[in-house]
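The first chain written gets the first letter, and so on, giving A, B, C, D and E; residue counts start at 1 in each chain.
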Amino acid sequence: ASAAAEKVIKVGSIGPFTGPAARVGQEFKNSIEMAFDEIDWKIGDYKIEFVWIDSESDAEKAAKAYERAIVRDKIDVGFNTWHSWVSASCMEVAAKYKIPHFFSFGAGKIMIDKYNSNPEKYKYWVGKTWPLPEKLSIGYIETLQEAINKGLWKPRSRKVAVYGVDNDWGRAFGSAVKKQFQDAGWEVVTEEYVQLGETEFYPLLSKIKRKKVSVAVGSMSDPPSVSAFIKQAREVGLKSMILSDGLGWVGEWYKLTGDASNYVLDQIPQWTTPEARKFRDDFTARYGFEPGASSAGLCHDTAGFFIKVLQTTLKDYGALNRENFVKCAVEQVIPGKLTYTEGLFMEEYKYTTETFPDPVVGKGYYIFPVIQYIDGKGKIIWPEEWKMSDMTIPENMK
Amino acid sequence: MELLMEWWDILVAGTLRGGLYALMAVGLSLVFGVMNVANFAHGELYMIGAYAAYFAFTVFHLGPVSSILAAGAITFLAGIVLEKVFFYPLRMRTQKQWVMNSFLVTLGISIILQNSAKLSFGSTYHGITQFWAGRITWISSMSIAMDRVVGFLIAVMVITAFVFFLNKTQTGRAIRAVSQDETGSQIVGINLDRIQTLTFALSAMLAGIAGACLLSINPAYPTMGLNPLYKSWFVAILVGMGNIGASIAGGLIVGLLETVTYSYIGGGWQDVISLSVIIMILLFKPNGLFGVKGVKTALE
Amino acid sequence: MKIANDTIENKLGGWRSRLTGIGLNPIGAALLIGLALVPLFVKDEFLLRLLISAMMFGALAVAFDFTAGFINIVNFGFAAFWGMGAYTSGLLVVKLGWSPWMAIPAGALASGVLGVILGLLTIRLGGIFASCMTWFVALAMLSAAGNMVDLTQGHAGMTVPLLFETVQNWPYFYLILAIMLAVYILVTVIIKSNVGMAFRAIGQDTEAAASSGIDAVRYKVMNFTISCLLAGLIGGFYAHFIGILTPTVMHTSHTVEVLAMAYIGGRGTIWGPLVSAMIMVPVMEFMKDLMEYRLILYGALMVFVMTYYPRGMVGIWENIVGYIGKLRKDKRNLSGHAAPVSPS
Amino acid sequence: MLKVNNLNVSYGYLQVVWNVSLEVGEGEMVAILGPNGAGKTTTLKSITGLLAPMDGSVQFLGQDITGTPTHQLPHLGLAFIPEERNLFSAMSVEDNLLMGAFTIKDKAQIKKNLRYVYDLFPRLEERDVQLAGTMSGGERQMLAIARGLMSNPKLIILDEPSMGLSPENVVAVFETIEKLREEKVTVVIVEQNVDTTLKFANRAYVMEQGRVAMEDTSENILSNDHVRKMYLGIGD
Amino acid sequence: MILETQGVSKFFGGLKAVNDVSLTIREGQIFGLIGPNGAGKTTFQNCIAGTFPPTQGSVRFKGRDITGYKAHRCCHQGMARTYQIVRSFPQMSVLENVMVGAVFGNHRKGETPEGKASEMLDYVEFPMAHDLQAQNLNTMQLKRLELARALASNCEFLLLDEVAAGLTPAELDDITALILRIRDSGVTILIVEHLMKLIMSVCDQIAVLNFGEKIADGTPAEITRDEGVAKAYLGADALLH
């Protein structure tokens, strides 16, 4: 009887719990558990319950599952997603049922386009966790430019090949870096996208190799593809710097690539601070595998931000319910009044009405370091203030 | 010169790819020919082979060749078990509509195996860096990983041994005989049950070896079988279901077709193009490229 | 007194035969009426959505059985025709601003046209080759839908406007109920007609059918067209019910789902597939929390049914009815009112 | 040599063979006659293990072979040539013949047998590489008989060997059977060609509606009025 | 002249299964086609009835050129057939099997398919219940079923392929009577058969094929006298009952 009196808030959390990115889903779930354990799953006298919504990495399945969570499980608020296409499809559902949903990774452009097409309708989908790739990826150009200026590297040509997985993310990243390289005076000689899950890159790589490029840059989000690409690049004897954005997203990547990943550049958060390392070790101790900083790590931060939102809503609006969440989002989160500074990775997580739904990017806010992998470890080589060493150039390219 | 190089690369890449398609397709074709089973769980046997090789190589620290052989042995056993558990009772009970019923059973098996793998190993990727270090450079502008070359050679050897077995040994001939007339085979003294179990196990073994050979390229995970399954169907249908010898040619054709598409049109269009070509061919050769009409290759 | 009784009997009989003519027996009709009343009493939106989904799959299974159970070709690319209807309808609304009410029939038509092509493609092929041809066509369509990003948004998914601007589900419920009924009745009427006889003849022996004067090409194409058209119609509904389309609607796994329902229900019976969908969709939904175990069970069910009850639920049902019938007859025989044995 | 006791066989609920008993002595040629649907084929199939009888037993060379799987029978020296031929249609004529010798391990013996059947049916040697599936009805029948002979059987059971054959080939078949008998092979034959069959057979059984209606020597059967009328079309 | 073939040939790869066969069949005749196994008799029938088109040559039926007509069109022209290897619709009842012929063949006014079908079953003296599934019948019963189905299409021309194979002499007499009855009802018949007794007793005219070629054509008496025929086919007199 007393249970009925207890107030419960149901949070629907979307993640790729099965399917090609299931590993990421697992990390999400675990890191959210760790974050909510810290507050004992309570906000005031509200008990927090999570409903795990499996996106299976598919836009349509995710939308169906989200809708099911709304009508069957009667969730009050949504939290988190990974893929941008999942965000885009669930945005539609959130708008239909007017369910506020906080913080989704989805880096690609479709969410932004959708939001801009009707801000009023889509205001329920509150904020991206991961900004558009072009805002971050400028780090690559600066790193390369610096290495050239310092005389560390004399590229044989100013030619670039862009590759990537054929989805919203891969294409968004590809076209962003393409433009940046072009602006920096490089020539993009080929641009190739492959299907999700492709593991055969000999034709693609030999094509790139024939073009004699100095840099191959792109992103593939699933581990089999990206590790196959890296390994085969070495097998065919590609003599170019490889920029593989997101190689380190999944903790087990090194097992798959081995030292074929040496010298590869990536731009990804690192376990740099002592708090971050502690989180990593706690996680490993509790769940038996090492988390990725960009998935479990960032998700832990956003969970912290989300808890702060819940607490603020209770404090400022008196009760936890859909309307108040929406109010809190519109009045405090979107205009940047409510920000989060206790995170492990960024100094401050903040939104502004100008950049919404992207977070504010730049020093002091949201920024990723550029790292270079050697023997399975990432060394930070950009920006200046975090730098651990200069870029290393492999023997055969000097 | 540039163009020649390009073609050469395509040829090499296509052949390497095609060899392994052939290995898969031979098994699929064999089971269809002998047991009239359109096996939709062939990809899961490939998956079992990949997992087996992974554990053999990383956990039990067997050598590459032993790992691949171990995978072959395990899938062979898995084949025996599957045949005895699923197809034997079905055979005892089904008279009519065998092809459809057994096909549905394979769908069921595929779902069971895939989800059991998820349950036992999770959805993560169990991969290795490589079996053999090193690479080979030979006229080509690109060099080729040892793994691929050896994998391809294993495929060729296995297929050759297999074709020899089918045509030149008494057991092999018995397998072919069963594929054509079961009553006739019994009459001349062939033990049907044994041959059918053997056939399924051999086919499973071929798929398992393919999965094991490719472990360094495709890590093991529960749903990894789907793509190879599709590809082996393409090959088997293209050349005529049940035609073992032609499956080899078919594997190479599909492998090349895909590589050409990949290089000139774009990765995503591989399936569209190779499927369109296969559809066109079927329109003119309804029994497949090398199928013979009136002779039982298709079902009736 | 006696006369009045007679006319009532007659009237009832007339109704009954009319109902059976469209495939409804009294039990079926009663169940349908019960189903139609559900939204009046049940306010749980989730349950309604579940029923909508069940009815949709029921209609799909019937449309599938129309080909598989009668002309004996398994359209292994069935889902692609469902998807074709969905995409066509969705695109017409999104790109050309059509009303969904116009676009859905147009989608059905597009699928139907594709059905004609498919029918023509498979004419010369028998058995597994025909199935593979349909499968390959579907795979090519799936792949193309994924690659024509400019048109379909590819795997990112295409957002499609909904049919009704409400979060309530009863309008969809009645619409799909009507569609399901229409599909069921249409298929039953066709199967009971001479055209249906031609389908069955072709399915059992094409050559004998041809030498008895049946134009196999025409009927085969006709069958494919109708089946695909219906799939497209249901696809159009789906598009505007679910609101988002990705190429995965065309995926083989959907065909397998529909096929499993049709076969577990009992192929070639029309009502078997319908009933099995109505049972299996909710059951699978309620077992969702079992995750992998659920699918393992599902696979095991398929194996079990195909091994021990290849005629599906209909087979089991007929056994039960036969058994009851026998019991009754035994009873009657015992009480001395043996029915006259028909002389044949 | 072969002894069948009280065989009962059914298809599902439909019983088609009732209490059939047969006895065949060594070196004998025994015919089983009867109208269509009498259950002759069914009887043969249960003897050879292709159908499981409900009841009754079969003994071959003193050994109980009821329920023995079909594939073990050739090892015991029993060959069966079914009505449907059951050839390996995608294999060559020669491969079919070699399969017939599946139970023989001795290569020289196989060669000898091959020579023997080729001499018997020269048409087969002419067509040794043709696929069995593309042969005409009569050619296939020859091949089926030849395949049966390849295993050096002690007892050969033939189901309607002359069906669908041209007169010339029918003669060839009966001449072969005659030769088999000279070589002391026991023969059980089911035939519609009653007249000719009875000229060759020692004894005959007549089956009607699933039961043995009559059993006697060929001469007696031939002179039986009922048989003359029903099977030879010679009435009074 | 109900049927006339001009140089009909059918080649399978290099094999000349039927080679340059010309025949003329008059209305109301029973025309016999005989020849050794593999002579091409079935193949010749297939060319006429539209199973596949002849490689060369033409077929005229009732004065119209029907070369290359598909099987169903041949049927609509008034041709019906039975098969050497029987073909039925196994999951349909006996009655439905025959109804298929009645519905899709040449429909006559005032006939219901059911009525026509049971009439034809009675006509061929079908021995079993009409609601039995065809898959439960044996070969002989199926042959009668096929005959009924063919007749139900109201054909004028009937092709029979070894209908009497495997019959006992008593049954042979029945079938002989039936064939004659069908002829008398106004149907022309082309019959392929190895049983000389039947052929000789019913045929008005006979053609003999050997290795795909026609080697003789004439009345039964002429054929029996023909030396080439005797050598190629008839062989042992013993078998000519």
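Definition applied: a residue touches a chain if its C-beta (ideal position, glycine included) is under 8 Å from a C-beta of that chain, and two chains touch if they have at least 3 such contacts.
If you're wondering where the values come from, they're calculated on a predicted model, not measured in any experiment.
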| item | value |
| --- | --- |
| Each chain counted as touching chain B and chain D at once | none |
| Chain nearest the overall Cα centroid | B |
| Most distant chain from chain D by Cα centroid | A |
| Rounded Å distance between chain C and chain D, as computed from the means of their C-alpha atoms | 50 |
| Separation of chain D from chain E, taking each centre as the mean of its C-alpha atoms, in whole Å | 29 |
| Geometric centre distance via CA averages, chain C-chain B, whole Å | 34 |
| Length of the line joining the C-alpha centres of chain C and chain E, rounded to whole Å | 42 |
| Shared interface positions of chain E, touching two or more other chains | none |
| Chain B: positions in contact with at least two other chains | 118, 266, 268 |
| Of all residues in chain A, the ones touching two or more other chains | 18, 166, 195 |
| Touching chain combinations (by label order) | A-B, A-C, B-C, B-D, C-E, D-E |
| Of chain A, residues touching chain C in the complex | 18, 58-61, 63-64, 67-68, 71-72, 84-85, 88-89, 92-93, 96-97, 108, 110, 114, 166-168, 171, 195-196 |
| Chain D to chain B touching residues, read off their complex | 48-50, 69-75, 79-82, 84-91, 95, 98-103, 131, 133-134, 147-148, 150-151 |
| Residues of chain B defined as touching chain C within the complex | 32, 38, 86, 89-90, 93-94, 97, 99-102, 104-105, 107-112, 114-116, 118-119, 230, 233-234, 237, 241, 266, 268-269, 271-272, 275-276, 278-279, 282-283, 286-288, 298-300 |
| Chain C residues within the chain B interface of the complex | 74, 121, 124-129, 132-133, 135-137, 139-140, 143-144, 146-147, 256, 259-260, 263, 267, 292-293, 295-296, 298-303, 306-308, 310 |
| Chain E - residues contacting chain D, complex | 12, 15, 35-39, 84, 136, 138-141, 162, 165-173, 194, 196, 233-236, 238-241 |
